[in-house]
Structures are given as structure tokens and as C-alpha cells.
């Protein structure tokens, strides 16, 4: 008797095709559940301050920030650009925001948007020359930019040098601190997913899979790559801009490796290219990193191990696994 | 002043070249960018230190063992990690990068961060050349650096394995159809590159203390030199090292020493704007895509 | 009446020490169907790459409708209206057949010509697939490209080019790997396109079919043009025959 594993769509999934999804509450719930639940959870958690405690609320905020960076990474990966230096976006947004607040005393409501856009612009400009080279070169160069920029600031002593700029304006209140990242995360998550499913997203993925064919279709792949970097840059620079005002200071730590490695790990763990995956990855890793804070650098070693294991053993990521389980069931079939 | 600049510029250039050559070699031969390079470099330093201080090995033995171990480490890395993700650039990059970071941060966690971690000189003492004091270690560096380059040249042009390396580098498909095993060559290229990293570490690290952050800097140097010179070209590495090495020394002497790092940034941005594939870069934008 | 749509002057390209294309010159009139033949290694694909911007020539010029397009980026050349197939088909394997066409339909050239919009593109894509022989009412256009047999992939290549609404179509060994019946059903499609005014260059190995539909044929050998004339006379040309027979003898 020979057995073979068979995977079939669940009945309810089949019933959800097309208009029949509206036929009963069960089908509607089935479709809405994975989309609505995270949104509800994210919206409600900040309200539970009293229950969970301020410390974990801060962790929530931090996780949203990391998730945004992971989303930004994922968008770039969707067009074929592997970034080992997401910290570039974070740092650019952080410093521009800090500079505007420190020098011109602009309020956060202005500095954060300006920092976001400025940071995205700056990062895109810096990365433009590398777009024409092979994929690995891009990774190599993105690795170096945060390191070099922080050195540059250190030696030239501009923008506060080693000490950075401090005593910057704080954010108005705790609700802003919690809900702004949450909203930003939700907007980016659903926005990026929508983008990738439109024809625009198809072009981006085409560039990733086969840029020669896309080029012979009269599409300027470099222009599209630049656009993708910019959009990802907006998400990334926002995180830096926001954190500058949350911390009320900005320094060379804005270019720290952490901001490059954690989003990368979250994305690989969760599933590259799915956007929901990196978000899930961030929500797993960031709280975990809080627990591991006491062991210092071992934290990063754990990330490295996770990365290697995921890349080699589970390349698809958690999200695909979860989705498969949700939509399909398995059974063993006798094929004689 | 000038003779001092010439000599120390040369030393610096050779240091850069030695640091970068292992990385470039691996990439040029098999297309694998070994981002664990910095990790292997520092690992070599610590391994020699541990062999000398914990196991009381004589210096020479420690060196030989370390070069062997690190070479083996590179070899094994290919078979265990890279083999499964070969051909997927995303995974290759992430896997080796994670490995390098993991190694470095593991040492940091284990506490290898104090001043006691230094490697012994190969020979102590200073001599005067043209009125400029220079220590033996630095002379050794120049000697070993040049020797390595010559060795590499003869190896890749006159031995079977070396020729296989060049064959694969030029055209993988043809090489495979001629019976050259691509996986073995790639694994060997990784072993070689890593071994070279340990050689570089052994001669260069005695100049200071073994610092974990050097691991990241090493990667930075290898990348900067590679980008400026063209990652797949040995003459490119040499020329780029000379340019960057002298630029750094001149900057350090006439401006401020802290600016030496900025030279890398400036050089990278400059080259990317003018000739992205590097000075001696073999591929000209689109052609290599076809 | 006949306008010169393409003028190639002294195109030369060396790879390393090997001369791939040597001083190739020819002219192409609008509405012509030009065949390019030659033994393996004669430089046919390199010539196509030179014309479409995937390879930069060492010297020489390519002039399209009076504009010098030598060495321009492939997407710029495609935007001007030159489409080409690839000898080694490279579709977007993870996408369905008709989604493969969405990407070229996204380009600015098509937007200028036909107002491609999200949603409309799906319909246009299905129409295009039907034009090249995909059965419309079956599920074939919706199959993932990686599951399609080779002949279909070749026709998908053709559809991808047509999505661009080109003025000049270059087919690089479209028929290689196709079965006799597939060739027989694709040939009339090409003839029809040419009859409707599309200028076509066909690089081919299958001489019988080529000579039937081509107006004019150019022969290459070792990168140089050795013959250029109407297909009727080319069939008997001595230089062409010896090039093919000669290369067989060498083996």
C-alpha cells in the first residue's frame, strides 16, 4: 500500500469563490477573519494600557516601527533589490527630522512629514547610481552606506557629531505615540499589498523575475526601481522621523545595524514578498528581542541563527505556511 | 615627509589589498559574495590568540592551524549553507551575511572585547629606510602581500585547479560541460578566499588590538576596494588599493586622521557615478546581462 | 512610396578576440519581410541584440526611421516601436499566460497608443492570445506559464511582442523547437501581420518555411554579410550553399 500526501482546498474556501462568498455569515467571516482580526487587535491594544502596562505598550510601538521597516524592505525585495542597510532610510529620516526641529524649531507635525519625504529623497538619490548593476552589488553597497554615513557624521562633526542632537520636541501625548505607528503600519500593510496586486505591482515583480523581458516591453526598469525605492523609503524614513521625536534626540545610533538586521530577519522569517509575512515576523521577533535584551549581543546571534535556518530550511516563510493551513487540509491517499 | 608618505602609503595600500583579495577572489571565481568574510577575518585572529594563550601552541603552529581551519570553515560553509541556496542571490547574501554577523556578535557576547587581545609580531624591531622608521611587521606585510599576488598569478595561470578557477570565472556553463565541477570549484573558491582572509588577519592584526568592529570594517574595505577596482579583476584590486591607500595616508597626514574613513565613502560614490562597474570592471552594464 | 524604415551601416562587434559581427550593412523597407539566415555561430542573434540595444556595437550605426538608435537602451528602442523575441524563451514563469502580457501592456508606448487601463488590459491580453493561437474559451490562457509546453511559450513570446503594437517585429528563431503543425499554424499569423503592414525581420534556421514567406533574405557567415537578395534567387546562391555545406564539412 503506497501512500501519498494530498492537499485539497477546504470546502469553505471553494464556497468563497466569486459572489457566493456573500451567501452566508460563515463564508463572510472566513474571508474577513484574517484581515479584520489583526486590524482590530492593533487598534484595541493601545487602549489596554492599564492591563498590559506601559512597558509593553512601548514594545508594541517599537514593534510597529520595526514592522514598517520590514515592509519597506519587502517592497524593495519585490522588485528584486535586496537591501542589507535598511538603517539608511531610518537614519536619513531621523536626522532630517532632528535637524529641522533643532535648527529651525519646527514642530513635530511639520518635521515628521518633511523628514519622511526628505529622508526618502535622500536615500533614493544615494542609491540611484547602483541601480544599473547586478543584484549582489546593490546588497553590497546598501551594507556600506549606513556605516559610512555614521562615520562621516562622526568625523565632520556635523549634525551634532558623536553626541547627536538632543532636547528635541516630544510628541503631544501617549495616544499619538501609540496610534500613529499603528495607523502607519496598517496603511502601509494594506497599501503595499494592494499595490503589488495591481498591474503596477506586476511590473515590479516582472522586473524582479526577468528584467530583460520587461525591458524589451518598452518599460524603463530603472525608473520603476527608483520609484520602488522611494516608496519603500517613505515607509522607512517615517520610522526614523517618528523615533526622533519619541526619543527626543537623534545620534549616530540611528544608523545602527539593528535597524538593518531586524527588518531583514522579520521579512525572511515571515515570508519575503508577502507583506503580511514581514509584519508577522516583526511581531514575533521584536517582543522576543525584548526578552533577550539582557543577554546583549547574543540577541543578534539569535537573529543570525534564525536567518540562516529560515533561508536554508524554510525559504517560504511563516506566512505561506499559515495561509496554506488556513485554506487547505491534508490527507494521505492510497495510490496502491 | 614625502618619503614617509610614500612608504606608509605603500604599507596602507598593501594592507587594503590583502584585506580585499580574499573576498574578490571568491566573488570573481564563483560569483558568491561571501559576506561572512569579516567574521572569518576576526575569527582567525581570535583563533590564533586562543591557540597561543590557552593551548600554548608555538606561534608558527598556531598560524598554520588557523589558516587551515578557516579555509576548512569556508569550504564547509559552502556545502552546508550555500549549496542549498545557490543561484538565489537573495538567500546567498542573507545566509553569508547572517553567518558573519553571528560570528562577530558571538565573540562580542563571549567577552572578547578588552585590550588583552593582541597578536604577536612576526618579528619585533624597526629599521630605517631612506630616513623613515618602519617596523619589521609592516615590511613583512608588504612582502607577504606582494608574494601572495605573485603566488596567485602563478597559481591561476599554471596549475590545473587555478586554470579551472579561471575557466569557471569566465564561463560557467562551458566549464561545466568540460568536466569542471562547479560546486567543488565554488567550495574551493570559498576555502581559498577564507584562507586568504586569515592570512591577512594574521599579518595585519598585530598592528593593533583585535577589535570586533574591525570585522565590519574589513567587509567595508573589501567592498570599497572591490567596487572601485572592479570586483572580478586582480589588477583592479591592486590599483584600487594603491589609490585608496595613498589617498588615506595623504588625507591623514595633511588633514585630520579621522577623515581617512570618509575617503571610502567619497571613492565609492565617485566611482558609482562615473564608472559603476569599477575601474577595471569587466562587465559593461548590459552586455553581461545578455 | 516605400520608405526605408531601418538602415544599418557598417555594424561591427567583437567579443574578446572573436569577431561576432563584421561590417554588416543593409536597408529595410517598410512592409518588407526580411529573412536572416546563416549557419550556427554566424552572428545572427548578436545582430538582433545590436539592433535592439542589448549589446553595444564597437562601430557602425543603426538608423530607425531617420533616428540614430545605435547603442540606445533596449526599453527606449522598444518604445520607438521595435519588438523582438528571445531565442531562449524567457516568460514570467510564475504568472499565467495572459498576465505575462499585462506587463508590456503597461508600457508608456501602449498607453500613448491605446489608453491601457487596469481592467481593460486583461481583455486586450486575452484578445492578443487568441490572435496567436491560444484557444480563447479554454483555460489555456489562464495556465501558469511554467506549465505550458514549448510551442505555446513561443507563441506567448510572439504575443508579448504584439502587445507593444510594434512597427518593426524581429523574430529570433521563433520556429525553433516548434512541431510541424505548430509551425504550420503560426506561419499564416506572421503572413497576416506582414500583409497588414507590419515590417518583420525573421532570423531562422528552417529555410523552407522562411523562403516561402520572406520577400528578401540576407545571409551571414562568420559575422559578415555574404549575400543579400530576393528569396527566389537566394535559394540558388552559391555562397549561401557553400556556407551551409562548408560548415557541415568542418564537423
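Each chain carries a letter (A, B and C) given by its place in the written order, and its residues are counted from 1.
The criterion applied here is as follows: contacts are C-beta pairs under 8 Å (C-beta built on N, C-alpha and C of every residue); 3 or more make two chains touch, one makes a residue touch a chain.
If you're wondering where the values come from, they're calculated on a predicted model, not measured in any experiment.
When each chain is reduced to the average of its Cα atoms, C sits farthest from chain A.
The most central chain, judged by C-alpha centres against the centre of all protein C-alpha atoms, is A. Between the CA-based centres of chain A and chain B the separation comes to 33 Å, rounded to the whole angstrom. Averaged C-alpha coordinates put the centre of chain A at 42 Å from the centre of chain C. Measuring from the averaged C-alpha position of chain B to that of chain C gives a distance of 46 Å. Counting only residues that touch two or more partner chains, chain C has 54, 73-74. For chain B, the set of residues that touch two or more other chains comprises 289-290.
Annotation for chain A: residues touching 2 or more other chains are 212. Those residues of chain A whose C-beta lies close enough to touch chain B in the complex are 77, 82, 84, 126, 129-130, 132-137, 139-141, 143-144, 147-149, 151-152, 154-156, 211-212, 257, 261, 264, 268, 272, 295-298, 300-301, 303-305, 307-308, 311-312, 315. By the touch criterion given at the top, residues 52, 54, 73-76, 78-79, 83-84, 86, 90-95, 99, 102-110, 118, 121, 160, 163-164 of chain C touch chain A in their complex.
In the complex of the two chains, the chain A residues touching chain C come out as 198-200, 202-203, 205-206, 209-210, 212-221. Remark: chain B residues 27, 31, 33, 35, 81, 84-85, 88-95, 97-99, 101-102, 105-106, 108-109, 216, 219-220, 223-224, 226-227, 231, 256, 258-259, 261-262, 264-265, 268-269, 272-273, 276-277, 283, 285, 288-290 touch chain A in the complex.
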